[in-house]
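To start, the structure itself, in structure tokens.
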Amino acid sequence: MRAASIRELLTAFREGRLTLEEAEGALGGSFDFADLDYGREARQGFPEAIYAAGKTKEETCAILKALVARSEKSILATRVSAETAAFIRGEISEAVYDSRARLLYVERPGELDEEHTVLILTAGTSDIPVAEEARQTARLCGCKVVTHYDCGVAGIHRLFAHLEDIRRASVILVCAGMEGALMSVVGGLAEAPVIGVPTSVGYGVAAGGETALRAMLASCAAGGAVVNIDKGFGAGMLAAKFVRQLRRGGMQR
Amino acid sequence: MRAASIRELLTAFREGRLTLEEAEGALGGSFDFADLDYGREARQGFPEAIYAAGKTKEETCAILKALVARSEKSILATRVSAETAAFIRGEISEAVYDSRARLLYVERPGELDEEHTVLILTAGTSDIPVAEEARQTARLCGCKVVTHYDCGVAGIHRLFAHLEDIRRASVILVCAGMEGALMSVVGGLAEAPVIGVPTSVGYGVAAGGETALRAMLASCAAGGAVVNIDKGFGAGMLAAKFVRQLRRGGMQR
Amino acid sequence: MRAASIRELLTAFREGRLTLEEAEGALGGSFDFADLDYGREARQGFPEAIYAAGKTKEETCAILKALVARSEKSILATRVSAETAAFIRGEISEAVYDSRARLLYVERPGELDEEHTVLILTAGTSDIPVAEEARQTARLCGCKVVTHYDCGVAGIHRLFAHLEDIRRASVILVCAGMEGALMSVVGGLAEAPVIGVPTSVGYGVAAGGETALRAMLASCAAGGAVVNIDKGFGAGMLAAKFVRQLRRGGMQR
Amino acid sequence: MRAASIRELLTAFREGRLTLEEAEGALGGSFDFADLDYGREARQGFPEAIYAAGKTKEETCAILKALVARSEKSILATRVSAETAAFIRGEISEAVYDSRARLLYVERPGELDEEHTVLILTAGTSDIPVAEEARQTARLCGCKVVTHYDCGVAGIHRLFAHLEDIRRASVILVCAGMEGALMSVVGGLAEAPVIGVPTSVGYGVAAGGETALRAMLASCAAGGAVVNIDKGFGAGMLAAKFVRQLRRGGMQR
Amino acid sequence: MRAASIRELLTAFREGRLTLEEAEGALGGSFDFADLDYGREARQGFPEAIYAAGKTKEETCAILKALVARSEKSILATRVSAETAAFIRGEISEAVYDSRARLLYVERPGELDEEHTVLILTAGTSDIPVAEEARQTARLCGCKVVTHYDCGVAGIHRLFAHLEDIRRASVILVCAGMEGALMSVVGGLAEAPVIGVPTSVGYGVAAGGETALRAMLASCAAGGAVVNIDKGFGAGMLAAKFVRQLRRGGMQR
Amino acid sequence: MRAASIRELLTAFREGRLTLEEAEGALGGSFDFADLDYGREARQGFPEAIYAAGKTKEETCAILKALVARSEKSILATRVSAETAAFIRGEISEAVYDSRARLLYVERPGELDEEHTVLILTAGTSDIPVAEEARQTARLCGCKVVTHYDCGVAGIHRLFAHLEDIRRASVILVCAGMEGALMSVVGGLAEAPVIGVPTSVGYGVAAGGETALRAMLASCAAGGAVVNIDKGFGAGMLAAKFVRQLRRGGMQR
Amino acid sequence: MRAASIRELLTAFREGRLTLEEAEGALGGSFDFADLDYGREARQGFPEAIYAAGKTKEETCAILKALVARSEKSILATRVSAETAAFIRGEISEAVYDSRARLLYVERPGELDEEHTVLILTAGTSDIPVAEEARQTARLCGCKVVTHYDCGVAGIHRLFAHLEDIRRASVILVCAGMEGALMSVVGGLAEAPVIGVPTSVGYGVAAGGETALRAMLASCAAGGAVVNIDKGFGAGMLAAKFVRQLRRGGMQR
Amino acid sequence: MRAASIRELLTAFREGRLTLEEAEGALGGSFDFADLDYGREARQGFPEAIYAAGKTKEETCAILKALVARSEKSILATRVSAETAAFIRGEISEAVYDSRARLLYVERPGELDEEHTVLILTAGTSDIPVAEEARQTARLCGCKVVTHYDCGVAGIHRLFAHLEDIRRASVILVCAGMEGALMSVVGGLAEAPVIGVPTSVGYGVAAGGETALRAMLASCAAGGAVVNIDKGFGAGMLAAKFVRQLRRGGMQR
């Protein structure tokens, strides 16, 4: 029942395959969005995602197995500890663990978009794990990703070496901790949308990424937006959503 | 000199129109980005923008006049008080003042993109001024904008009335104060990128938009990002940047 | 002396069993509430509760043993570590440990109210431990509890599947971390009082439940209230207080 | 169309009064909750409410007029300034303004529940405006309200004078600013649910009600919950929701 | 030299025992307060105190040994870990460790003031370690201390049982975490000065003692003051300073 | 009934003037503290105090008049605006207004303690209004007060000029805004208890007195305590409580 | 007496011009620093400064007049309102008011250091008032100041136009609000010490300069330091202190 | 290519060694700052620095080895754990580990400036690790450093013992936790620039250094500035920058 569209449901009702009560119950009781969900899976190739923090290794493994069994898409678990990853890889042989990004994934063949580029920059080397979480997420969504790490504004020539890539990118992710100033500078140079990913790198007033977050939001460069601290996964998904719009020409259908 | 491209500068140098010292000075002293700027102006149709807060009415007016004189683009001043607007309209007859959005602009003919849609939603009626700042900004950048105001989650059927527009939009801006929950719900329904615009609507723990901001950032819906509180202008610019990429097919050239 | 009611004390005084000084001292010095307490115990069937955090396993055990010996009611200890639970279960054979809710309890027979329902919802699976603390507390207070876990607003159809239970509930507890938007949506759908239980689920701006807390408080849905972060026990008690009023018809006697 | 139930809509569709497209559109596009809303209005007698802050006096007046015309219920506007109230009372003769509570209302005859009592306590006299907002809201919802103002814990005998009312109440609202300790004491004395309403009374660390809010939430007394700072309206609604459950016996139907 | 009073120094200078340069150096270079210090030591019997947090066990031990050797007073080290205490007790046989208060001390005979009483109250059992740090500090300063633990306002009769001691006390310390309401109630009952000692007991909004601290400061009861979170030592010292004033009749000499 | 002591009540009961029910009700229902209050008034000479903030000038005046009529004590209203003061002085001829301290008072003859001294220091001239509120409060409570204003640590010789008074004081109040460092230095020099009164003087990170408050609380000088920001009245009361204990020899009776 | 050095005081004592008591009193009671102060005035040419915020116009004027009468130095009052300035200029004819910097000063001839340069940069035009407060302060201290305003990182070529001045400066002040990223970039380019002056420019998360402050402190560029928000005066003084060291060769004498 | 100056590049272009495209690419693409960097290394003798936090021991070691191989300067790694230090010292024999300062360095011969003094003060002994990080950094930059530890304001005579060094210093670093008052006092005594280094020493409201930071920034003493919490390295670098300017006479060349 969950896979039927409203139209199919109404048709079934008119044709007598559903009683008034059944139709009323389905529409009033569960608001079936399954058609949408089904269509999304077939069309998008976006991976299923599991947030592993706060789950036991057994729970995460069980959910992964179920997804592997019922879906043809890639599957992605974020914030996976090394111990959980080892456990799951003992159970699911095709699972791959990226320890820097703390991602565990089962990759399935999908379409790669070669036309558009997601550019990921980091201010320092300590921001790389977050950047890698974004990169892997975007890659598993079928995006081409270019990365330049360690080009913070304290040595601004490191950034200018990548001006050409900044100009060519379809969307840019800037991963930076401490004071996050890289986003302001990139925001002034780029024509593409720039998404800030504050990281929890730094100490004292860096405050676990809070200062980078607020600085990126307060940035005087127009046309940027920001995700939660250390949320590489979310930034990768947003970049992929944007690239999907580019592939579609901006319309869902 | 500022309008010359690096290439033109180098050519002028080789042809002897610039001495070594002049070329060195221009390149080493000012890092001329005018070529880029010039190209941007011709191609983009993005308006020039002035942040009027903290400027006197005379200062804002003088800058506007200068821009009107030297540019063919639309010109936009944000956070303009009624008093400043009255003063400027006495000086610049073609200036238009949108009192709800606190925007003052001089509109010049430009290309309108009819293919892609920027959808702007608000949770309540008090969020409308911020939404209007975003709408006018995107419109002056050549975007087609659709708005649905007052569809907060406390009466969630108001939102579902707009599901079709949510699906069709190229990018969605969600303006909400208080707890900003509308972004979470829209983020779960939309395939397009969703940009949260927290507003300073509410009292007590709403804390001038801080709670909406943090709630939007913490939202469990993947693929969204957030701008500063009440930053309708920035959200409108980001939406326009997205749409420009769609028009270009995602590449600068 | 502490168990005597004011009436008994006054009677003892009139009958000469207490001198004026003794009666004055007892009334002026200790304000005996024991009559009230005694009556409450007999009538309510609410469990005795111990907050185990910050107590050693020996201390918690000793208090539990004393309560088991002198009371016919169920006894409940919250925030009990696995180690403390193991120790106590070695000493008190009828003690049961719920490791997810971190509750340890000795259950005594009591009346179950079958007429009214406490509905507990969670946004995600990580909120379940807090929800279970609420559920067990309400259950040990004699309430019938219905739970639906993992129905957050990112996939809002999951919530609509439970509309009927939302309508039938006497009181609703919404357990959610991150941005806590589930409370706003449920608050708009339900006629029963809705109590928000923010959880410490999430990272970055989720800030250990602080954002969920503030978002729930700022929620535009009228007729809701909120408890401390992760305070499943308190929410369960409040729900049981509501249901007790319903059983009594809203009056204490 | 908006007033039709899902059942009516389905019937109309089967009987040919709606085409497939029309039915699909209505169900998919607007998720009609009007049946529910209609029933609620007839049954509850709850007033319609308008949040006047951030609206002009003309806007607030227009909405009020529309509601007066189409509804038989009482109508309530919160956070109404004296200037707006004067304007509206010039337009709507039956409108009444309560300047302490900043409420403006048009009262219609309704049922008063004489059996259950909402008790409202304040710590000081400065908390009275918030308490009055709660009292009027609950009263317009058909509740019997008892108030005791200025019984803060600094002179705790003032509170004990009202022990009997504390015991008899169906639900208790405690309005307090500064450190909000009254809630903790009442929470230990009452069997009824206790709802804290922190007020913005105080200076320095009182921080506009933030300290009272956090203290009430951290209160060691189990079985209480808290609303936003100064949210008398919300507390009154919650109390009325609970009393409605008592009248109904805890079930919606 | 450091023990000489200014008068002695001047005399020595006049008598030629100090050169001009020596006198200038002593006065200009070190501002000798030793007279004051010397007098204080003889008269007060206040213990020397060491803050052990952030020192290695070897460092703490070495400082203790030096003080034991050169002073006749009691010596007190605060925030001493069990490991450090064990190490020191192996080196200094007369050292005593109070593990609950995390105090290690070498007690020397001193005068006990029997006339005045320091009363220490706690809201719960978890506040006892902080209260014990205060009690031991005041005791080692020669104060008579009375304690009543676990008399928080959630069961206010527990507090009223101690009204007589509240009236008799010379100064009262109230140790409480969570919302710290005990201070407000005691402040309304007592004539003696009341010092609040917020503790880090609680979770969620209790925020490591921050809410208790702010609530105590915002308390509407006049005539109270507050020390840092968990600062039992400081509160004990302040109480002892006040009792010393009482013994002296309020004047230093 | 409210003025009767427990003893009188018990006597009335034994003599048959009260029935068992009446006695029970009085004791259980109202907890009569009037005897205590009456004794306090006669003995202490502390002024009655009114917090005028948030009251209209008519309300404040009415309360003052009632107190003037029924009490022989001085009466004190804090945070009185110039406008309210003018109004009240038109009604109550003996009322005096101290505009710097924003205090309005009716002074009645009382005993002045000449033996003990309250010393009030300020860091700068902007802290004087708060210091004056403290001074007047202590003075009206019968204390001798000495003040030294503008002796902040930036020019530390200004403080050392008052060392003698620091040594002689029975209790010291330190009023300081910005970073409040004066308290730390005085705390190291004084033997008397030192009470910090943070003021809202300063800008930027001074944060309305929050930084001074926290710095005073974190001060490494033992034996100090702190009141709310700008709470001169509370500090004056606390000082007076200290001095009263000194006069009594530390015991209530 | 206050002008005598310790040496002079000791000499006077030995020569019998001071008694033992007088010498003791002077040394113990007032710690005479006047010699130092006197020397400083003669040598430095630094202006006397008055913080006018929180003083009445009459008070500020009286202090200014006294300083004008007794000192040959320039005199400087900060945070002077237009109204106060007008009043003072009516009284002191040589007073000059800089309305942008809100400074009022009486300038006296002094030495100008032409060798060293204080460079002041601002990110935007709204930061200019703070920058001007710094510039005037440094100028009145005898420094040569170079300014470049409106060279924020959103258009980074504006900054690079001033690379030569950045290299030549003795010390650099960077005034910026919003996210303050300019300091990070300048810190990476300059060899001179860089002092950040966060300004209260911006809205929402800019939080009155708090975000710029924290971002500047968290900046990854080593060798910078930060002053309070909007503290142009303090930054100007620090720059002048450093230039004075340069003039002296780094030693006081 | 990266080492060529703009002049060289232009010359190469004119002489035909670079094509137009090559010159354009180099200038537009990479903004060559290598000349500057090269010059800086030769001239300054400042050590290379590595921030080891968040890097594995292998990564830190590899970077160190590379720097040792290619540079003649001293090399410095901050925030190095004991474990990492042991690993690196096994690989690089000339590496020295300072466990208190958590610094690991390879020292190369350099010029020591004997003329100017960096004075480092700490309030307590717990602040010493941060002070040592600053001392070693400044020392490796060729500065002469004088230190006085444990001279906090609670015993202010300890500070006055060092007045002469305070007067002689070229620049002063004040390391203090808790309330950081030492900076205010030193700021009032010193003529040299004073840099505050807040440390994370303390508990409760000390808040990990936040209170010391804010107190230092709010300090009323003009002419000071502050670095991030615990940032001894940054303070040492800033001091060295100051001293370098003194050596150069304030000009870069």
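For clarity, chains are labelled A, B, C, D, E, F, G and H in written order, and residue numbers in each chain start from 1.
Operating definition for what follows: contacts are C-beta pairs under 8 Å (C-beta built on N, C-alpha and C of every residue); 3 or more make two chains touch, one makes a residue touch a chain.
The structure presented is a predicted model; accordingly, all values stated were derived computationally and were not measured.
Student: If each step moves to a chain the current one touches, what is the fewest number of steps from chain E to chain G?
Tutor: The least step count works out to 1.
Student: If you take the mean of the Cα atoms for each chain, which one ends up farthest from chain D?
Tutor: Of all the other chains, the one whose centre lies farthest from chain D is H.
Student: Quick one: report the Å distance separating chain D from chain F, using the average Cα coordinate of each chain.
Tutor: For chain D versus chain F, the centre distance works out to 39 Å.
Student: Can you give the whole-Å distance between the Cα centres of chain D and chain G?
Tutor: Chain centroid spacing, chain D to chain G, equals 55 Å.
Student: Just curious, how far off is chain F from chain E if you go by their C-alpha centres, in Å?
Tutor: Chain centres of chain E and chain F, defined by C-alpha means, are spaced 25 Å apart.
Student: Going by the touch rule set out above, which residues of chain D reach two or more other chains?
Tutor: Chain D, residues with two or more chain partners: 28, 31, 124, 155-156, 204-206, 213, 217-218, 222, 228.
Student: Dump the list of chain pairs that touch, please.
Tutor: So the chains that touch one another pair up as A-B, A-C, A-D, A-G, A-H, B-C, B-D, B-G, B-H, C-D, C-E, C-F, D-E, D-F, E-F, E-G, E-H, F-G, F-H, G-H.
Student: Note which residues of chain A are touching chain B in the complex, please.
Tutor: Going through chain A, the ones touching chain B are 40, 44, 49, 115-116, 167-168, 170-171, 191-193, 195, 213, 217-218, 222-228, 233-235, 237-238, 240-246, 249-253.
Student: Contact residues on chain C for chain A in the complex?
Tutor: 124-126, 155-157, 160-161, 163-164, 201, 203-206
Student: Given the complex with chain D, which residues does chain A contribute to the contact?
Tutor: Contact set of chain A toward chain D: 6-7, 10-11, 13-14, 20, 23-24, 27-28, 31.
Student: Given the complex with chain G, which residues does chain A contribute to the contact?
Tutor: For chain A paired with chain G, touching residues are 123-124, 152-156, 178-181, 184-185, 187-189, 202, 204-207, 211-212, 214-222.
Student: Touching residues of chain A toward chain C in the complex: what are they?
Tutor: For this pair, the touching residues of chain A are 28-34, 51, 53-55, 59, 198, 200, 208-210, 213, 228-231.
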